[in-house]
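For clarity, chains are labelled A, B, C and D in written order, and residue numbers in each chain start from 1.
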Amino acid sequence: MRPVVFRDADEAVADIPDGATILVGGFGTAGQPQELIDALRRHGARDLTIVSNNAGNGDTGLAALLAAGQVRRIVCSFPRQTDSWVFDRLYRAGEIELELVPQGTLAERIRAAGAGIGAFYCPTGVGTMLAEGKEVRTINGRDYVLEYPLHGDFALIKALHADVAGNLVYRKTARNFGPVMATAAACTIVQVASVGDLGTIDPEEVVTPGIYVDRVVPIEPAEPGVAA
Amino acid sequence: MRTVEHADRGPLTREELARLVAADIPHGSYVNLGIGQPTTVADYLDPAADITLHTENGMLGMGPTAQGADRDPDLINAGKIPVTELPGASYFHHADSFAMMRGGHIDVCVLGAFQVSQDGDLANWHTGEADAIPSVGGAMDLATGARNVFVMMSLFTKKGEPKLVPACTYPLTGRRCVTRLFTDYGVFLPGPDGVRVRETYGITFADLADRLAVPLLALVPTG
Amino acid sequence: MRPVVFRDADEAVADIPDGATILVGGFGTAGQPQELIDALRRHGARDLTIVSNNAGNGDTGLAALLAAGQVRRIVCSFPRQTDSWVFDRLYRAGEIELELVPQGTLAERIRAAGAGIGAFYCPTGVGTMLAEGKEVRTINGRDYVLEYPLHGDFALIKALHADVAGNLVYRKTARNFGPVMATAAACTIVQVASVGDLGTIDPEEVVTPGIYVDRVVPIEPAEPGVAA
Amino acid sequence: MRTVEHADRGPLTREELARLVAADIPHGSYVNLGIGQPTTVADYLDPAADITLHTENGMLGMGPTAQGADRDPDLINAGKIPVTELPGASYFHHADSFAMMRGGHIDVCVLGAFQVSQDGDLANWHTGEADAIPSVGGAMDLATGARNVFVMMSLFTKKGEPKLVPACTYPLTGRRCVTRLFTDYGVFLPGPDGVRVRETYGITFADLADRLAVPLLALVPTG
C-alpha cells in the first residue's frame, strides 16, 4: 500500500499497543526520530521492547520514554554514555532488561529480519561473554556464532525527504539504522523534513524504496537547513 | 462466499484469465509478474488500483513495455524485455531486490505452472526430462517469498491430463506455496484438507470433480 | 588502496590466472561487462569458474568465453535461454560443470561473502532438487536450507561512472549484480563509461563505495547516451 | 628487521605514540580509528599517504573534527563528535557499514585496550566489575573484522601492573585479533609462541622482560 501521510506524530503512533517491539532509528541523536518518540511517550503504550543502538541521551527522546516507565526491555549495543543517566538508574534498580548486542550484529540481525533470512553464522563475539549460550560452528577453520533475526512490530525512523510513494532519502550519517529498520518492521513510521510528489527523488538515488514505508509524518526541522 | 458455477459459457480465454487475475489483486499491492503469460496481467490492471510492479532484476515502479526509441538496453524486466520507468520508481541491486522478495514484502506474485498439487506445491521450473537443461532463475525465490502466490495456467495439458494433481510429478519449485490457482476452467484455493473451488467456467462443479483426481470442496457461505 | 585506472581492458585482466573464480556482473546483457569479458577471452586464462546469473547469450561476451573452452564450471541461476546455444552444447557434451542456484540465493551468497557471514539459513528451495544434500533446519516452524558464501578471486562488473576514489554509480536495471559482486572478490575490476575527479559523485548517491574497487577501465559506450 | 632499543630516552608521550601509530599505517589504507585515544591518530596522518577514514556509523572519507558553524548534528563520528566530509566521501547504512568491516575490507583499525594477551586476545569493552553497565558498541565488530588490529595503550596501569598479560582477566572483546600493540614502552607483535618486541622506548629489552610475565622474543634479522 502507498504510505499514509499523517499531519501529526501523535496520530501516527496512536495504535501502538502495549507489549510491542519497536525498532528506533538513530545513532546517538543523529537520525533519532525525536518527535515520534515524544508522541509515543504521550501515547503511553507500556511494556515495550525497544531495539536501538543507544539507550537514550539526557532527559529527552528515548531517555524520556524510559523515564516514563514504558520500556520493559531494550536491545542495544551501547547503552552506557556520559549522558545515559536515566538508563543507568533503571538498569541498576533492575527496572529494565538489557540485551547487549555488538553493533554490527545488531544491524545484521535487523537486516536478516527484513530479508527473510532464518539465522546466520557471524564471526563477531566468538569466545566472548556475548556469545555465551549461543551455538558455535567452525566453517573453513573459523568460528562463528549463530545469530537470529530481530523483527519489529513497528519501526520509528527519521529521513530527510519522502515522496508520496514512500521513497526515502536520508542526510549524511543520520542515515545509520534507518534503512535496515524500515525493512524489518510490520509497520514503518517515518518522520521527514519534507514530503514531495512522485518524481522529487531520482529513482537512482532512492535509499529506502517506498515498499518499506507505511506512514510518513512531515516535521519541519527546528532550524531550517539543519535536521533537528 | 459460495462457489459460483459459470457453466453456461465456455472456459476462459487467455485474455479473460489475465483480466480475472488482474481484478483479483488488491488495490495498493506490490506485485511481481512472472515471465511469460503472467506478464500479460499488467495489461489489465486498473490504473486506479495503484498497483506497483516489482521486477526482481532490481526495480520497483516498472511501467509498460518500451516501444521504438524508448527501448533502453539498461532498462529491462526479468524476461529481459525492454520496459519503462514510472514516476516514483526506484532501482536497487540484486541482493536488495531478493531480500525484498524473500522478506515477504511483495504482496502478490503471479506465476505460470506445469503442475500445482492439492496442498499448494508448485512445479514450474523443470520438466524433469533427462536431457533437459535446468534453469531456475528467480522462480523458487518468488514462490517462497511472496506473501500470496497466484498461479495462472490451463487446467489440462494438451493431452487432457489435469495439471491440478494430488502430488506433483515434476520437480518442485516450492512447497505449499500456491495460495490461489487461476485456470481456464475455474479458480481454486489449495489447502491441506482439499481444494476449495471459488468459481467454475464452462464446466459444472460436479463435472470438474469427475475430471480431477483431487478432493474438491465447495465454498459455502458462512455467518 | 585507491583504484588503478587502466586505459586498456587487456591490461586490467592480464594477471588473472588459470583456475580463478570470477564473478561476472550482468543480467542478460544489461550490466554485462562485455569489453572486460572479451579481454579475458583474449588473455586466455583457462579452467575458470564463472559465477554469473546467465551462461551467455548468442556468440559474444560470456558465450564466446565458453566457446573458447576457458570455463570449467559455471555457477548461475538461469543458463538456458533462447540464445544460450553455446552453453547448451557444452553442457550436453559434458564439457562444462553447472551449479544451479536460485537467483536470490545466488545474490545473497555473494553478499554473504562480502559481508563476512559464515553461512546463512535460507528458505528458498526447501524441499526441491536444489536443496538435496543441504542441511535443513526448522526455525520458528519454518524450514530453511544452509547456504554458504560465494567468494571470487576477481569480479568483472560494469558501472556508469566512477570517481578516482573508485566510488561507483550505475544505470537503471544494469545495476543488478554489480554492487554485491564488487564486495565479494579479492580484486574487483570495473568498466565504466566515464571516470571523474573526486566530487563528481554526491556522497549521498554513491552506490558502491570505492573501498570495493581495485581497477577501473573507462570504455566509451558504442552509442553515446546509451550504455553498450 | 631486528629489535631496536631506545633506552637512552623516556617512554613515548601520548602524542609520540599517536604519531608512531600514524606512521605505521600503510599508504592507501582504509582505516577505522576507535573512540578515545585512537581518534588522535588522525591528527598525525601524512596527507600524502592517501589514507581513507571509515566511521562505522556509515561513512567513508571522514575529514577532521568540525569547528564552529561547520558543526552539523547529522555528520558525526562513532564517538558522536561532529566531523567533516572530504571529497570522494560516501554514506551508507549501518548494515552495509558493518558488512564492510566484518567482510575484511578495512585494512587497519586502531583500538584502545584494558589488556592484550600474549597471543593477541583483546579486552577493551568491560571492566568485569559487578555493577558496571556493559556497553560494547562496535568494539567486537572492529576487533573481529579489520584485517589488522592495532592497539594503542599504556603498557602499565597507574598501579604499575602490566596490561600485556599471559591471559586477559577482563572480559574479552575478541580472540587472537591484535596484530600490533603500540605502547609507551614499546611496540609488540603478539603471536602463538610469544610476543615479538619490535622496539622499546625508555627501557631495555632485558628490563621489559623482567617487568612482564609474558615470553618476549627479540626480532632477529633474517636472510
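Here, a residue touches a chain if its C-beta (ideal position, glycine included) is under 8 Å from a C-beta of that chain, and two chains touch if they have at least 3 such contacts.
Keep in mind it's a predicted model, so treat the numbers as computed, not measured.
Peer 1: Applying the touch definition from the top, give me the chains sitting in contact with each of subunit B and subunit D.
Peer 2: Correct list: A, C.
Peer 1: Going by C-alpha centroids, which chain is farthest from subunit B? Tell me that one.
Peer 2: D
Peer 1: Rounded to a whole Å, what is the gap between the Cα centroids of subunit A and subunit D?
Peer 2: Whole-Å distance between the two chain centres: 30.
Peer 1: Please compute the C-alpha centroid of subunit C, do the same for subunit D, then give the distance between them in whole Å.
Peer 2: 35
Peer 1: Take the average of all CA coordinates in subunit A, do the same for subunit C, and state the distance between these two points in whole angstrom.
Peer 2: Roughly 33 Å, centre to centre.
Peer 1: Going by the contact rule already set, what residues in subunit D reach two or more other chains?
Peer 2: As it turns out, subunit D has residues touching two or more other chains at 59, 85, 91-92, 99, 101-102, 145.
Peer 1: So which bits of subunit C are touching at least two other chains?
Peer 2: If we look for residues of subunit C contacting two or more partner chains, we find 108, 111, 115-117, 122-123, 170-172, 203-204, 207.
Peer 1: Among line, ring, star, complete and other, which one matches the pattern of chain touches?
Peer 2: Contact pattern: none of line, ring, star or complete.
Peer 1: Following the definition at the start, I'd like every touching pair of chains, please.
Peer 2: Going through each pair of chains, those in contact are A-B, A-C, A-D, B-C, C-D.
Peer 1: Can you name the residues of subunit A that touch subunit D in the complex?
Peer 2: 27-31, 53, 77-81, 87-88, 91-92, 98, 100-108, 110-111, 122-130, 170-180, 207, 226-227
Peer 1: Using the touch definition from the top, list the residues of subunit D that touch subunit C in their complex.
Peer 2: Residue positions touching the partner: 28-30, 50, 52, 54, 59-61, 85, 87-92, 99-106, 145.
Peer 1: In the complex, go through subunit C and note every residue touching subunit A.
Peer 2: Touch residues, subunit C against subunit A: 108, 112, 115-123, 137, 139-140, 142, 144, 148, 169-172, 203-205, 207.
Peer 1: Considering the complex alone, what residue numbers of subunit B touch subunit C?
Peer 2: 55-59, 72-76, 80, 85, 91-95, 97-99, 101-102, 126, 131, 133-141, 144-145, 171-175
Peer 1: Would you tell me which residues of subunit A are touching subunit B in their complex?
Peer 2: On the subunit A side, the touching residues are 1-2, 111, 113-117, 163-165, 167, 183, 197-199, 201, 203-204, 206, 209-212.
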